[in-house]
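Below are structures written as structure tokens.
What follows is chain A paired twice: with chain B in the first complex and chain C in the second.
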Partner chain A sequence: MKKKLLAMLLALSVVLALCACGDADGTPSGSPAASPASSPAAAPSGEPVPSEPTPSDSAGLSGTLEVWSSGEELGRFVEGFNQVHPDVTVNITVVPNADFIAKLTPTLASGQGAPDIFTGESDYVKYLVDSGFWDDLRQAPYSADTSDVWDYVASVGTDASGALRALSWQASPGSIMYRRDMAKEVLGTDDPTEVAALLSSNDAMLDVAAKLKDKGIKMFASWQDIMNMQFSNRAQPWVVDDRLVIDESMLDFMDMAKTIAENGYDLNVDPWAPEWSAAVESTDTFCYVLPSWGYQFVVKPAADTTKGQWAMCQGSVPYVKGGTWLGIYKDSPNKDLAWAFLEYCCLNSEAQQAYAAEYGEYVSLKSADQALAAGAGEEVLGGQNPFAFYNEQMEKIPSDLMTAYDGTINTAFLSAAKAYATGVLSKDDALQQFKDDVANAYPELTID
Partner chain B sequence: MTKVRRAAPRALMYAFLILLLLLSVVPFYLVVVNATHSSFDIVTKLNLLPGAATAENYATMQSHVNIWRGFANSLLIAVPYTAFTGYFGALTAYGFAKYSFKGKNVLFGIVLCSMMIPSQVSIIGFYQLNLKLHLLNTYWPFILPGIANATSVFFLRGIISQSIPTSMMEAARLEGCSEFKIFNRIVFPCVIPGVVTMCIFNFVACWNNYMGPLIIMSKTEMYTMPVMIAMIKGLYLTNYGAMYLAIAISVVPIIVVFCFLSRYIINGLTVGSDK
Partner chain C sequence: MAKPGPNKLNKSRYGYLFIAPFFVVFAIFGLYPILYTVFLSFQKWDGLAPLAGIGLKNFQRLVTDKVFYLSLWNTFRIWLMNFLPQMGAALILSALFTFNKIKGMKFFRAAFYLPNLITAASVGLLFNLLFNGDKSVANYILTGLGVPGAPFSFFNSGPFTSGLVSYIQWWMWFGYTTVIIMAGITTIDSGVYDAALVDGATKLQTYTKITLPLIRPTLIYMTITSIIGGMQLFDVPATLTNVQGDPRKSILTTSMYLYNQGFKNHNYGYASAISVGLFLLIAVLSVLALKAMRKKGGMYDD
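Let's look at the complex of A and B:
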């Protein structure tokens, strides 16, 4: 009996191997997603193989579009997109963000099985922009017009040669989200402009933190949130001409972090820790230093008894952090479909307005954000309109200092700053650890 | 009086055992209990009693992923894989343990070496191999390697060479039993406890495999449990309640497999004694 079973199994594996080899000759296999790039013949038979994509001719598009996304949010556009293009099936595969590059690397390395569109989250989008796997969206057949896109969004999607590789439907300007009731009690005002004036520099922020501490209130949920804001103070990005640059402002930030940690101006937890999330409803935490998505995902959903007690203002510098960009794979056989979808998400003002109105997310087109700024304010924010606030911020943000190395270097710097702030390492040792970590991750960089 | 004196150390012993039991059960208990609470409750307090948010968590979880599909996918991979590692692992180990042939040590060395390559190193090769074999988006890349599981071979070779006397095989040969039958009828049943031990390890490893399915599967509905659990987390959201619920569901088969298979280990330990 067992002998027969074994024989069957062996036979099965041999047959399988033979089937697999047979497919290599170009016979369409049962898995069309496996090789759209290498063999256009394997595409579903109903779909004409586009020899020359004609994206301007938007009517009558049909086929299947494969999209890999690092978040589910992109899927919210599909319904609206299908009202315009009912014959296009959009298959979105959501890949956990932390392992998105790990999933992408083998596919891009072999050049086969890649999706038509894949996303890039802000931590690694520059790496993908520079890698050359995305088509230039300003060239034919796309000829993207980015006049309505916030400059920052387009500039992140632009590589060193000036080619536009990716666009986003989001923009994520920064803010300080603070409690009105505590501001009134300690600072004597809850007006965003007046509070912003009291927080206009790092020193001013620490002064306010000291005042709050006297009343038993912790200024920040976590000092680590402030790092994204401090990046705006830099004169240069992390890497210039393959050389690691540690800007003076980053050293100042390490001292600021130490001051906050030593004086207990924050909850002494990491961002996203349970205590950090719970601080939305606390009686002793003043503010979160978070970009626009922080309102949508952290403050708004958790605010219950504190509804109406929140407001947004600018901190010491305007900043941006986060966002997910979309690009079209250079060897995609469905470039016309891919462009139709990308254009709908990233360049269609009406689509973005509908999306932003429904989900409260700040979007990448100026016209859409301006239309929403005219609407009513948010209940949680005591009537403040976040779009109006963020529109002002977008006008002020400094030029884009993102590099392909940011995700890893930011993490390494944060861990060094943490070691210094908590007194584990001296400043010099912490900086040395940071440099070692960077050298380890990117041996090609020069480090002084 | 004497009764009390005798009872005291016994009570101490039980107290100690209960402590150990708590240490190993409490984490699981907390996972299950947290699965019934809302995210907000989970982050703000320690929950010891079941809450009322199970249905809500379930709805959140299902709105992100179809967990039962992931559950079925994982079972579909883990069960045949585990069976393969057990049977073929023992078969290969038997060959290495009991037969003498040219190049045996070299071959065994190669098997050992293959254990020492971290899977991360070979991940691109693994992808390309499956691409060329047209096995992307199928379950085969995770089931078939069960036929050649180096750890099982290494572990079972030790057991077979120690616990199976060569005289047993010789006796079977004298009776006219074929070589393959010797393995199936005599050797394999004798090493069941070892096979079962390996099967538990292999099942857990396969059930928890995250990177492999993530790279091979490009269809959300073919994802396995660990990938689905990672998806619930989302990019900016923290749905602790839904995640706990998904984890609680994913732990169940491991406990079932362990309870079911551990009987064989305990039975097996006494087998040798009545020789």
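Let's look at the complex of A and C:
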């Protein structure tokens, strides 16, 4: 009798344990990676087309090019590149962003097995730009002409001495992506210009949030998304002359975050949580504050019943967030191949137009974006053309405020803002925690 | 006259040759990185610029670094809160399994072991999905049951998050510990039990007076490997929140701290110093554990 009871108990605990295991298998992999897996279209086209008008100076390029990239997207250029340079094999090694620096630095330090081209994402691109491991692209043999590149993109790739170390095929201007149906119901209009006028300052945004709340609608998916926009309000970057600068606007943002959290203007989840992603199809979430890649990776793929109900407009301030830059390793033995590929991705307007038309990604050349702005609008956006909208934003974005310290400092600031917004720490304590964290990460900085 | 000499010499040479592969691999992938880490701990290095020797500065900073001590305390607390229940559960389960004939014992043993086979990173992510947000599974159930105060911001609470890491570690490892202890128990000569039975010992007496002392080597082994593994805890807390040990560093373990100092903040020299400090601490703890468990020293120690 006793044994039966025992067996039952054990069976019960097993069932519980198995339930937990079952969850592990059944849960859709909602990976919080910044760039969701997009099916790589890097299959090299089988037949090189001999009749292709090959530029005479690049004819005869052959060899193997090693590229390390933190995302899959770069591979999408290979097929087109191989039509121009059929004899060049492009080997793209994708290293996840979280491990990228850990894999790259020992390789660069030892010089053994370093790739010809490697990428750098916005969180640490300045660290690589300042390190001097990328060649200056304005010098011979490259002599890059960047007149068609959005200033911001070139400025991020430029180091303190003015040397251009890296370029990008993408640009990532910011936006507020909102629901037209809810805007009409609560604000009386769904026109992007008119909605933008109602969101033209932080206070105005909070007023709208209060109106939405009366109708049972959450204004934001997560207040943490707004942080990237607020960074544009700063007069100076985080670090100036080895001194930490905490701009007044950052303190205002902490209060804004607290207002949002206390009044329940957002879903109270972290970005990339399943609930955050699901808000695309919700009946109670008004907007995402995300840059151009947010449309491509978050809104567009998930919009089904809400197709045509989305639109994008400017918020309280224009901003940029994200992007992947690439540069040529200074001791690469294949600089001619590396330059041919980099030029194809970052400076060839036709290649970028074909790429952007296929994948909907906003690109780094003005002429390509302008050509695409003339095209038809997006079905998901109710006919709005995102390229036209983002072109306007690129004209307005403030100067480049990126530093080599941004990745760590942004995370530390978000942590402190969260502690204050959720009422765990007072503002002074939260700020002290932020300063301590920065001092701990970068002891060489002066902190007041 | 010259015959026997070379033969003997050859034999000893072959011996070295046969054990060489392990030592070569260990020297390249184990010893060299360890020594290089010690070397780096006396340098200032951002990963790309040339090394700069700065003597003991990294260690001076280490002994006054509050975050380092906090991370040590976090790691130790998470380990202890997982180790004690884990040993308790394993001792009870192994006793049940070995002293009772339970139907499907092998199945249960395998099922308890199962969580150990899942990648720790997936487990961290899985538990994040269960508890993150007002509409998470946990909050959905609690709200449905009408629990006052629900939904909860689970990951805003340091004690909860820290406790959750301990629980996950327990859940993943108690099956493994059970299996090892069962293996230890089966090596005990059944004659000893028969003698105890004849003398009229109760089951409890048999367990505490015979089984436990006889499996002490197994317990020592489990404790020391658990200390070493536990003090290096990284994957579960790193994937559960944001690698910074949020909320407010409550689950920032020493390994995460050294990872952030090295690979996030590019202070490779200081990260190496943390790693050397952690190594010394684990060595000391292991010796203490060994001494403590051998204190009553008996004939069965080896």
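The criterion applied here is as follows: the second predicted complex is superposed on the first by the 391 of 448 C-alpha atoms of A that agree within 3 Å, B and C clash if a C-alpha of one lies under 4 Å from a C-alpha of the other, contacts with A are read in each partner's own complex, and residues count from 1 in each chain.
Methods note: a residue touches a chain if its C-beta (ideal position, glycine included) is under 8 Å from a C-beta of that chain, and two chains touch if they have at least 3 such contacts.
Worth saying up front: this structure is predicted, and the values here are computed from it rather than measured.
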{"item": "Partner chain in contact with A:Q433 - chain B first, chain C second, else both or neither", "value": "second"}
{"item": "Partner chain in contact with A:A235 - chain B first, chain C second, else both or neither", "value": "neither"}
{"item": "Touching partner for A:N268 - first (chain B), second (chain C), both, neither", "value": "second"}
{"item": "Partner chain(s) touched by A:V424 [first = chain B, second = chain C, both, neither]", "value": "second"}
{"item": "Which of chain B and chain C A:N97 touches, first, second, both or neither", "value": "first"}
{"item": "Touched partner set for A:A109, first chain B, second chain C, both or neither", "value": "both"}
{"item": "Touched partner set for A:A412, first chain B, second chain C, both or neither", "value": "second"}
{"item": "Contacts of A:A140 with chain B and chain C, given as first, second, both or neither", "value": "neither"}
{"item": "Set intersection of chain A contacts, chain C complex versus chain B complex", "value": "3, 17, 20-21, 23-24, 31, 102, 105-106, 109, 274-275"}
{"item": "Residues of chain B touching chain A in the complex", "value": "39-40, 42-44, 64, 123-124, 126-128, 131-138, 140, 144, 147, 180-181, 184, 210-211, 214-215, 218-220, 227, 230-231, 233-238, 240"}
{"item": "Touch list for chain A against partner chain C, complex", "value": "3, 6-7, 10-11, 14, 17-18, 20-21, 23-24, 27, 30-31, 101-102, 105-106, 108-109, 127, 131-133, 267-270, 273-276, 407-408, 411-412, 415, 418-419, 422, 424-425, 433, 436, 440-443"}
{"item": "Residue ranges of chain A touching chain B (in the complex, touch as defined)", "value": "2-3, 13, 16-17, 19-21, 23-24, 29, 31, 33-35, 66, 68, 70-73, 91-99, 102-103, 105-107, 109-110, 112-113, 115, 121, 272, 274-275, 277-278, 281, 293, 296-298, 302, 322, 324"}
{"item": "Of all residues in chain C, those that touch chain A in their complex", "value": "47-49, 61, 65, 67, 96, 100-104, 107-108, 111-112, 114-115, 118, 122-123, 125-126, 129-130, 132-136, 153, 156, 171, 242, 244, 246-248, 260-267"}
